[in-house]
Amino acid sequence: MSSGTTKLDVTVADVVPVNELVTRFHFRPTSGGLLPTFSGGAHVVVEMREEGKAPRLNPYSLMSSPLDTTEYTISVRRDDAGRGGSLFMHNRVKPGDRMVVSYPVNLFSLDLRAKKHLMIAGGIGITPFVAQTAQLAAEGGNFELHYACRTAALFTYGDLLRERYGKRVHLYHDDRGEKIALDRLLTSQPLGTHLYVCGPAPMIDWVRGRAAALGWPTENVHFEHFSAPQPGKPFDVTLALSGKTIRVGEQQSLLEAIEAAGVDPPYLCRGGVCGQCETNVVSHDGTFLHNDHWLSDEDRASGRKIMPCVSRFEGKSLVLER
Amino acid sequence: MGIQFRKETFRDDFSFRNSPEHIRRFPFPFHEDSYMYAVNIEPHRPGPKGSVLEHPFDVDEHYVSEMEDRALVLAEDPLRCQSLPHMTLAGWDLLELIMTSKAESYPEHFSLTRDGDNWHWINRPLNIDQTFVFGDTTTLPYGPMEYITRQAQGDYCILDQRDNNLWMDAGIVTTQADWSLDFDIGMNFFEWHAPVPLAHEMGIFQRALKFLLNVQQGQPARRLNWTMTINPRLDTSPENYHKWGPDRTTVTPENVGQKVHLRVELQTFWRLPRSNALVFPIRCYLIKMDELVTSEKWAKRLHRVIRDLPEELATYKGLTRYRPTLVEWLSKYDDGGVTSPGFGPD
Amino acid sequence: MPIEPTIKSRPVYGTLSPQKGTEHLLIADAEGAQAILDLAKAAPEGFFSAAEIVFIPRATGDRYVAALKGLTPARFYEGPSIAAALPRLRQTLATAHVGLRVYLAGTEGLMGQAMQVALEAGIDHSSIQTEHRGSLARRVQCVHCKGITEDVTTQPVTCAHCGLTLFVRDHYSRRLAAFQGVCINAEDRSEQVPVEEAFP
């Protein structure tokens, strides 16, 4: 089957600054009509094209209601230290622009068997929950959202969610010393509750760690890492199957560099989660910078696998089976 | 001009048959003169005009009669259609998929008008005219999955995706090759395939699951499977095995051509948008040996496949009792000549 | 006799071990009691003060009861049959919280039926600890009439409901807590199949 996902041609319908760090983008189908239906938790891969530069493809969670497919909306947090994807969105994208996004893919799906959905969000990790709560509310689903943020000014959609769902939404301001009473929360849930967490890596680790210690089965704990590819030192790679040698630029991911050379590995998430672009290492002399959440510790120790969407390399030589 | 629907039966007097045009479009499953399992999954792209692959959901001359047979099976045994409580949303997804697809493929037979959540569905072959509210189960006579699959040929299994596996949590199964939905509902991919011999050891299911978990919206996939059935009986369920099992003892050299049928399943796989579940339609096509041998190539090839089939597979497919009689009968159509590559009848 | 993993739907069982959790529910019948006593040797301090033991002695009579009580669980229940214990079990689970861990030991019939109740309460089957002890007798669902025959030890077996002669497959349904029974001589009912002791 072809690599990646099916594409959608969309037009930017609106660009809305939400706060000093976050901007929301609205996409409508360029040809009119409705966009494909999606499920809460799904993301799309947004293609960012600039003349003279290799295209960047970043995943963003859909945060509009799955019940309304006249448009897709995403919220992008500006990352001044990142590879420029978020800066491109913030600085370059204007209403009326035509863009290409992928079909929705859901790697952070609700478990619909749940008798209750307990959601914990940190910062921009709120976006998939905006869509999921809309979906659940429409079906009379039982959910509770606990959302932590640094300051009131950065509380993206906090007021909106409070307005929509009232007491089912709990907000915690770090700068006011408010903290999620996690152990109390985790020990008071009825059987059949599923736990979802999305936010910065330390938060995810904290929640998963406490859940495990308090007897939550792994099947009931769902999490989404927001890991965008990080910039790094340029490095050279030989693609053994296609007989090409390529250079991965400072602001480029290894996957993007492979694609720029005309080789198309399969992908879905471009965030180190789905496992689709897993690539065998033929030989290497140097150090891997693994940034994915897919490979096992054994895979990493073996030095024979890499996830090119988020991981990098430093050293003398790297030969991949691509 | 639309499809001319045949009035026929799949039980009692077994009046089912294929018209000559339908014989030519039969999805013959063997592309070479032997058969072994493979992960033979490919994208479900539209096939040639007139073929069973022309449209996403094929409707053929047996449609009306098959739906009557389904209604009879469900009246006898309501356990053939079950949906675990969390699968209702997926049922709506399926209803939307089938209604929009059929209305687009066969506008002379089906139409769908949507005004927000207020839908109007017309199924002319079955004389159905239904207005309902999408998402509101009280506005349909059955649950959404049962409602639409009483109007769609083939069995349907809806698979919930979680914990890196697929779980058979809903389905309607009345034209099956000897497996029980009532028993298998709730099982994961490896569990419901557990009774299949050899394939587990070959790693077939691990590879197939990995593929299916990544089937994306807008990118359906398909594969063919096959077995054989005595008499054109759609409902060869384990529930009724003690009723149809004796048919297998009735095959004689004189009646092979009319009694023995090749049974082909066109299986497709679709990601459902709201539920993120996967729907797995299993569409059954039957062809009598007398019909099949009207293609010299198919006759030769089927002879060789059945003759050389590994014993475990023959047993699993229930051929053991009549295989020698069938092979002897087919051998008359096999001059040992070379067959052309591909599935087609020549 | 260890249970061999024959086909992928045939359950295989492990050895009970203490799990992290806020409460512990241990359910056993007959020789399954010994699995709980063995688990106790590895249990951390305070484990049984947050534990409930549900025990169906069956043919073992008083053999294990004192020893189980000696573990001083927070709650101890001794019942006359699996069926009699299930309503209590349902109620316990209806008011329980995530963090409750379930441990099952003994016959496949006991483990299957207790797991069935746990699944209905929203516990994922893979988070449940199991250990087989004692008889290999099976619960069998007749695929034809849907009736369940308990404590099947022979192959084939006569369906207790419709009377068909059933071949007992290894194909197992967690939802039904039963193995599948299929008419063994459906194609030719005059065939006589010898009955053998298969699940002692």
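By letter and in written order, the chains are A, B and C; residue numbering begins at 1 in each of them.
Simple rule for what comes next: a contact is a pair of C-beta atoms (placed from the backbone, for glycine too) under 8 Å apart; a residue touches a chain by one contact, two chains touch by 3 or more.
Model, not experiment: these values are computed from the prediction.
Shown here, the protein chains touch in all possible pairs. Central chain assignment: B. Criterion: smallest distance from chain C-alpha mean to the mean of all protein C-alpha atoms. One simple way to say how far apart two chains are is to compare their mean CA positions; for chain B and chain C this gives 36 Å.
Each chain gets a centre from the mean of its Cα atoms; for chain A and chain C, those two points are 42 Å apart. Residues of chain B in contact with two or more other chains: 163. Listed for chain C are residues 126, each touching two or more other chains.
Residues of chain A in contact with two or more other chains: 113, 219. Residues of chain B touching chain A in their complex: 43, 84, 86-87, 89, 93, 96, 160-163, 211, 214, 216-219, 221, 273-276.
Against chain C, in their complex, chain A makes its touches with residues 113-115, 186-193, 212-220. If you check the complex, the residues on chain B that touch chain C are 79, 163, 180, 182-187, 190-195, 200, 238-242, 245-246, 248-249, 321. Those residues of chain A that touch chain B in the shared complex are 1-2, 5-6, 36-39, 41-42, 66, 103-106, 109, 111-113, 135, 139, 219, 268, 274, 276. The touching residues of chain C, counted against chain B in their complex, run 7-10, 126, 141, 143-144, 146, 164, 169-171, 173-176, 180, 182-183, 186-189.
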